[in-house]
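We just call them A, B, C and D in the order they show up, numbering each chain from 1.
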Amino acid sequence: MSQGWLPLITLATSLLVAPLILLLPERAWRARAVLNLSAALLKLLLVGLMVVGLYQGREFAFGFTVVPGVEFLLRVDALGMMFAGLSSLLWLATTVYAIGYLEDSPNRKRFFAFFSLCVASTTGIALAGNFFTFLLFYELLTLSTYPLVVHRGHSAALAAGTVYLRYTLSGGLVLLLGVVALHALVGDVTFGEREMLRDLGPEYHSLLIGLFLVLLLGLGVKAALVPLHGWLPRAMVAPAPVSALLHAVAVVKAGAFGIVRLVYDVYGIQLTFELGLLTLLTALSVFTILYASLRALAQQELKPRLAYSTISQVSYIVLGISLFGPFGTIAGLAHIMHQGLMKVTLFYCAGNYAEELGIHRIDEMNGAGRRMPLTSLAFTVGALGMIGLPPVAGFISKWYLGVGAVQAGMPWVIGVLVASSLLNAAYFLPILHRLWFRAGPEHGKGQWPEERRLGRFETSGWLLWPTLATAVFSLLAGLLAGVPFSPLDLATLVATEEYLP
Amino acid sequence: MIERLGLVTTQLPTTGSSMMTLLVVLLPLLLGMLGGAWRPWRGWPGLVVALLSLLALVWLTQQIATHGTQAWVLDLGTLTLHWRANGLTLLLLLLTQLLVLASAAYAPAYLCDAVQARGRGPAWLWPLMGLLATSLSLIWLAADLLSLYIGLELMGLTAVGLMLLPGREEALAAGMRYLLLALIGSLAFLLGVALLLGGWGRLDLAGLAEAVEPGPLLWVAMALLSAGLLLKAAAFPLHAWLAPVHGSAWTPVSALHAALVIKASFFIALQLWLVLAPRAAMAAWLVGGMGAAAVVWGGLLAWRADKLKDVVAWSTVSQLGYLLIAFPLLIGTSQAVVSIAWGGVWLQLLAHSLAKAAMFLAVGNLMLATGESRVSGLAGASRRFPLSLLSFGIAAISLVGLPPSAGFTAKWLLLHASLAAGQWPWLVVLALGTLLSAAYMFRVFRYSFVEDVELQDYRPVPLRMDLIAMALALASLLLGLTASWPLAILAIAGGVP
Amino acid sequence: MSSLFDVLPATLPVLLAVLVLLDRRLLRACSLFVLFALTVALTWWRLGFIWLALLETLLGAVLTGAFLFHALGISPARGASPARPSHGQDPVPLIWRRTLIHLIPVLALMGMLAAALASLPASDSSPAVRWSGLVLVGLGLWAFALHTHLLRRLLAFNITGTGIFLLLMTLVGETTTAAGQGLVITGLAVALLGTALGALLIRRLDALAPSQQPSPVNGRQVS
Amino acid sequence: MTATLLLILTLLWPLLLMLRSPLRVLMEQDALWRPGPRPKLLDAWWASAPLPALALALWPGETTLVLDGWLLGGVWQLDEARRPWLLFSALLWGLAGVYARGYLVAEQQAAEAGDGGTFLRLAGLTLLWPLTLAGNLLLLLAEDIPSFYLGFAVMTFAAYGLVVHADNRDAHLGGRAYLIMALFGEALILGGLLWAAGSADVLTLAALRDGIAEAEQGAWMAAILWLGFGVKAGVVGLHVWLPLAHPVAPTPASAVLSGVMIKAGLVGWLSVLPLGDPAAGLEPLGRLVIALGLVSALAAALFGITQRHPKAVLAYSSVSQMGMLTALVGTGLSDPALWPAMSVAVVLFAAHHGMTKGALFLGVGISEHPPRLPAWLLWPLLILPAVSLTGALASGLASKWAFKNVLYEGGHETLVTWLSLAAVGTTLLVARALWRQWRERGHHAIPLLGTMPLAWLFAIVAATSLPLWLPVAGGVVDSPWPPPDELPGLMWPVGVGLVLACVGLWLAAITRRRITWRLMSGDLWWLYAMLARRLGAGLQEGAERIGARGSRLRGRLVAAEREGMAWIDGLPRYERRFRQLAVPLMIGVAVLLLLGFWLG
């Protein structure tokens, strides 16, 4: 029975940190840092324990009834563990980064409290065992990220916050309606009980299609599928660690993860396929991938470009899901992790450039590689990964996507992948060129917008080490994709569960 | 349906529970009198004594959980009064005691801070508050129309008196309007009661439930009763007195009023409908339609309101609309729908009461601290009054109906019930209401996050005031996941047929 | 003769009520209201409700009247001279269109009531009282909607209330008289309390804004 | 066991060397910004990067290394087919590395003296050179597709740094051309590999070849892959980066670019195309490949002679030679039966061209900075690899004989004729290159025993003696040299070429007029660039139009929102009515409810 408490404790590590942080005075930054870091480490440890337990075939579940027929359920499965692992890993990195990033800025207490809450919601989403619990944390995520988005408090941030709320709350509402409708149809939907909907019979099929669309609409907002993506580029006004977290794990991934759950654990891939919904997902994601890449190409500032790149990359996950067959599944799931690692690296780098040199626009980046070689190296790794070049993790995703597309009988998707790679290259390689091969202020041409010397190295160690760590991780995730416990391995585990009855 | 209301019972009350019930009803009044005599400037001593009635209530709960619904028949000569206590009653009593307690604990510090003992107002606060608690308890317990009428009138007049206490001009004008409309409302109620009495010659609800037969007399009586109660409950087209009244009232009074007084009228109306016209689906739809209009209208006006208290007051109008949707969901629908909606309605009532009280208290704190009553005066508040704002935020979560609050769970149940009943319009209404309430709540937050504002002088409020608001807000939040607990109380002893 | 004896106590209050509600001078209207209450008490006595007659005299006529006069600024201690002469004059702005429009809902209500009453057995003791009660209700509500002056609204409310009490007591049967009396007594007490509260409020509003012209009580449009 | 270790070391050693200097810099904090003397970057260790590869190529026996955790499962192996490639690639890389130490000595000295900019530029080169090498070696040794693609990509992108090393306008133009074309190539390769590997569900190259042969749409897969690798191999139309990138790179880098790296495209073809598989049914593709190869070979020659920069001329010569190789690969598709014999010839030809072209490129540097050698010795040494390239001598003769022999046996006389014509072109090209070298020869002599001349001399020796040491599949060819009676058939193109060259020279001499019309090197690039600009402008216009429409729409929405807000702001005015009409409204509600009750 004690195992049932493990998910709960994992959730509590970050959930309880929030009030504790609020209780600490604003000036006690050391205590806050220690608290944050120890909680992050503890959580990583607990998630590790659960992953090991999962491989040993143990069951972890915790639940109680909220109202008759509706259960709060935390459960550990391979899919959730992937997401939880990612979030706890990146939480650790981002906490370190945020401590350095927000040094000497106001409202740190509030920031870290909501930051913890945000991670707690992400963990909750990962551990949710049914749609009700999922929805709970999904909405909590919206709430806890809003103060982070408007953290700076200037009018642009507030406007972005308003847009963010408009999108996400409406999406959440639509999702709520969908989930309630599903609940009214078949009762409590525990993830993995796919037979509930499958056994409904053909007369329900049109209803199921409608429900799927409603749920997709709700989840698509956070996943930033194209007509619903408008909030993401604006949310860029948030501080860099927030952007990093929003893009890599928290909000965007929550949406994508929700779609994964919807397709695999609620409808079941077989039923989704039979209803013809996979084609819809494919079309949607393909359009998103190309459209967002084109938009990214037109951006002149670094963070918006990265934001559009996120929109495009997250759709890879949806694309992977929509390809019927184990390879597509593996691709989609592995990309959840891969994209998280790579994108978080890129955002850390963007933050480093902004903090150390005051760089926000792409044309200010000339020669920054010579001033900040390690950061630029990390950026290079991330960018190459986004393009899908080996040995960075992005290649693995792309490979499986391509193979999955062929197996799903849609080889034309490869063309989309290739086009997307080219577009990615078209908007990342010029940046790399500027970083490494253009003469800039370091060569006596012009000067940095706002240079500060934050640390002994090229920038403050708090900022540098997380950046390097995630870069190395994203490299290793690709280079050593075949070893046990790698993202690919976990994804394969999930996919086998899904396709083997 | 009347079983759910605890009107059918064969249980005779135990002496202990009778005593306890009396204690629960009368103790607040007694304490109020004492408070009026002594005018406490500290909340704690009174609070400790007031815990007595809470303890009595707990004991009563225990009794009823073991023995089932209890009913009392009071013979006063030829006049018979009927009282009963079941799960629902207990829940409402509990809520009342809790909120009155919280307001009472909040009031001394508030009065000290805000009013500085101007006039005789503060002396009247305590007895009136006690009286309010008593009359509310009476309403929850009453099982006949006479008791209900007495409770209703007592409550109405007390509420007017409480609202008038600040003694400022705008308070008086609004209060006068409130008084007149409340009186008219009770006249309509009385007229309805008169018709019922004339038609079937009895006033006890259980008896009436069996006796009444549909016909013009019943319909007219019900129409009059409902119209009067809806006026008192500030349902949509009859809501106009509400916002001005709150604008100038004292914060703890506003909290009590929005949380309980309005709910009492709603409770009576719903009870009468369930007892007397359980199949009048069409009329229930009309009430639901009023609710829908209330949701939209209240939401829109709250969104654009300039003053903080107006935002909260208009939000009350809007939220009451959610409760009015209970009518079409509970009346003339199948048993399955009713069993879902029943929990949803009362949970919504609980959630809204707690959250609204918390919100009024939090708003009071913010207004005291900033010295500003307008929403835009909150600029920069998030840095300076994090606790007040946090309690406001948590209460807002529940009001908007975002998880994991009780408001969310209630909304879930209501949505589920609407779907199960096939009544699609309510889905739209609930959705709209959520969006609107999110819009006006987050508008407040938006101002509070503004950073570039010069630091004006402000007075921090005592921590205890913040803590009380926080406690209520947390209660409304935590009820979301522990909703099975109030639902279990609802279900005990006659809650489920 | 007996029919006249029956009809007179029933029609007298109605007549008086019309006068109360439409009198241009407030002081006179208040005085008429006391008279009205006394006739109602008479009606109670005629119907055989002695307790009610007594209470009506005490609560309805004496105390309510006292509070009404208090609202006008006349207190027994200070004699009969009104503090503000303007209180005596409150011309009722009678615009025909408004008057008629406000009549529509009242008529609708009366129609409803009539329909309901029609399905009941006719009052064995005093049908006239029932109808006068009905008319009083309509009259009061109509005046309430029509007037904006607070005191007049209080008067209208009291008249409506009285109408309802009359109606109520003609409806109760033998067995339920006690219940009916309970309701009426509560109602009377509430009406008194309401009037008292209202009167105090009017005084207070008056005291708060003495400089406003015209005087706040007269000019105030509390709707 | 030793071979396996050597295999790992082959790939690891360049990476370790690469990391050495940045680590050294990192050790001393702030070394990057500190003025003053810097460590020596191009030392002997640096040049030793390809030594393990060389050792591995010479190590007897085959070896296979399976790495489960690596990418999607790594399989690296050295077999007889790979050995010649590895050998000549490693050799040329080594020679070029040694040569670079001499060639870049001026920059090296400036960097050591404390010129920060030069130091960083040089540091970039010293980092990317071993990385490119590692990619190249991985691509040769990899048997699993991901590793192969990884090697290919690493080599391609790291080489960008070598191309733009000079950091001037031309260098950046060359770099851009290189990168854009390479990206297209990579994209096509990725697409083809995914398609083919996905259809067959395989992860190794051998299985991939079988898969393509069996696949229903194998022809398309093969075509895409052929085009993808064709970018690297300089197939006509895709070759535009070669003449732009080669002249601007430092000479040793040009040597490896032309000598080894463009062979990677060829290796790619050999690795993924089902050559010699009669079941593949790729004959039409084969014919197309042959035709394109020949066009490539001839057109490049014609265009190349108009160039002035010797390295550009040599680059066109590479295009031409690769065109010939392309045609030979095409026969593997169109006439599968011929392939077993032809593959030997192709390897020989490729190795010959790699080494010889390497030597020629290195020679360009030598003619600019001639060592202390008498001119009668220096210029024949410079001419020797050129003659070899034309096929008149040494390794050129042997390789030409090898494929002609096969082609004659297969009955492809026409093809031989065309190839001979191409050889005429080659002769003209090398003559032109040497002429330009002569005209631009330098005078500042460098010591003979420096690293530069020695590496060059060794390259000439190795290039000319290639057939003697190259372990072509199944051992060294029994008799690499053609029988004497075949010589005229092999020699005539050279003769014709020489005559034409002399005529040209004579014409130029008698007219004494400079040939003013000169074609821009990079030929089709300019066309592509113009088309791309047009397309870009069109896209931009379209985007602007869409953007304008979007902003109009947004403006309209904002206006509507503002109107709506204004309307909502006006709502409170109705509140007064509600307040005034509370009682009638209450009655109204009652009436409505009554109606409701009445209706049921």
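Basically, a contact is a pair of C-beta atoms (placed from the backbone, for glycine too) under 8 Å apart; a residue touches a chain by one contact, two chains touch by 3 or more.
In UniProt terms the chains read A = Monovalent cation/H+ antiporter subunit D family protein.
Owing to the predicted nature of the structure, the values given are computational and were not obtained by experimental measurement.
Visitor: Using mean Cα positions as chain centres, tell me which chain lies farthest from chain B.
Guide: Farthest by centroid: D.
Visitor: So, comparing each chain's Cα centre against the centre of all protein Cα atoms, which one is closest?
Guide: A
Visitor: What chain pair shows the greatest number of contacts?
Guide: That would be the chain pair B-C.
Visitor: Cα centroid separation between chain C and chain D, in whole Å?
Guide: Those two chain centres are 104 Å apart.
Visitor: Could you please state the distance in Å, as a whole number, between where the Cα atoms of chain B are centred and where those of chain C are centred?
Guide: That gives a centre separation of 32 Å.
Visitor: Which whole number of Å gives the spacing of the CA centres of chain A and chain C?
Guide: 71
Visitor: Nearest whole angstrom, what separates the Cα centre of chain A from the Cα centre of chain B?
Guide: Centre-to-centre distance between chain A and chain B: 43 Å.
Visitor: At least two partner chains per residue is the criterion; list those residues in chain A.
Guide: Touching at least two other chains: none.
Visitor: Quick check on chain C: which residues sit in contact with 2+ other chains?
Guide: Only 112, 141, 144, 223 qualify.
Visitor: If I count partner chains per residue in chain B, which residues reach a count of at least 2?
Guide: 177, 184, 216, 219-220, 223-224
Visitor: What chain-chain pairs meet the touch criterion?
Guide: Contact pairs between chains: A-B, A-D, B-C, B-D, C-D.
Visitor: Spell out the residues on chain C that touch chain D in their complex, using ranges where they run on.
Guide: My answer: residues 102, 104-106, 108-109, 112, 141, 144-145, 223.
Visitor: Using the touch definition up top, name the residues of chain C that touch chain B in the complex.
Guide: 112-113, 115-116, 118-120, 137, 141, 144, 150, 153-154, 157, 160-161, 164, 167-168, 170-173, 175-183, 186-187, 190-191, 193-194, 197-198, 201-202, 204-205, 208-209, 220, 222-223
Visitor: Touching residues of chain B toward chain C in the complex: what are they?
Guide: So the residues of chain B in touch with chain C come to 77-80, 146, 149-150, 153, 157, 160-161, 164, 167, 169, 172-173, 175-177, 179-180, 183-184, 186-187, 190-191, 193-195, 197-199, 201-203, 215-217, 219-221, 223-224.
Visitor: Could you pull out which chain A residues touch chain B in their complex?
Guide: Chain A residues touching chain B: 22, 64-68, 70, 72, 106-107, 109-110, 132, 135-137, 139-140, 142-143, 146-147, 150-154, 157-158, 161-162, 165, 169-170, 172-173, 176-177, 180-181, 183-184.
Visitor: Name, in rising order, each residue of chain A that touches chain D in their complex.
Guide: Where chain A meets chain D, its residues are 294, 298, 327, 370, 373, 384, 388-391, 395-396, 398-399, 402-407, 411, 414-415, 417-419, 421-422, 425, 429, 436-437, 439, 443, 456-457, 478-483, 486, 488.
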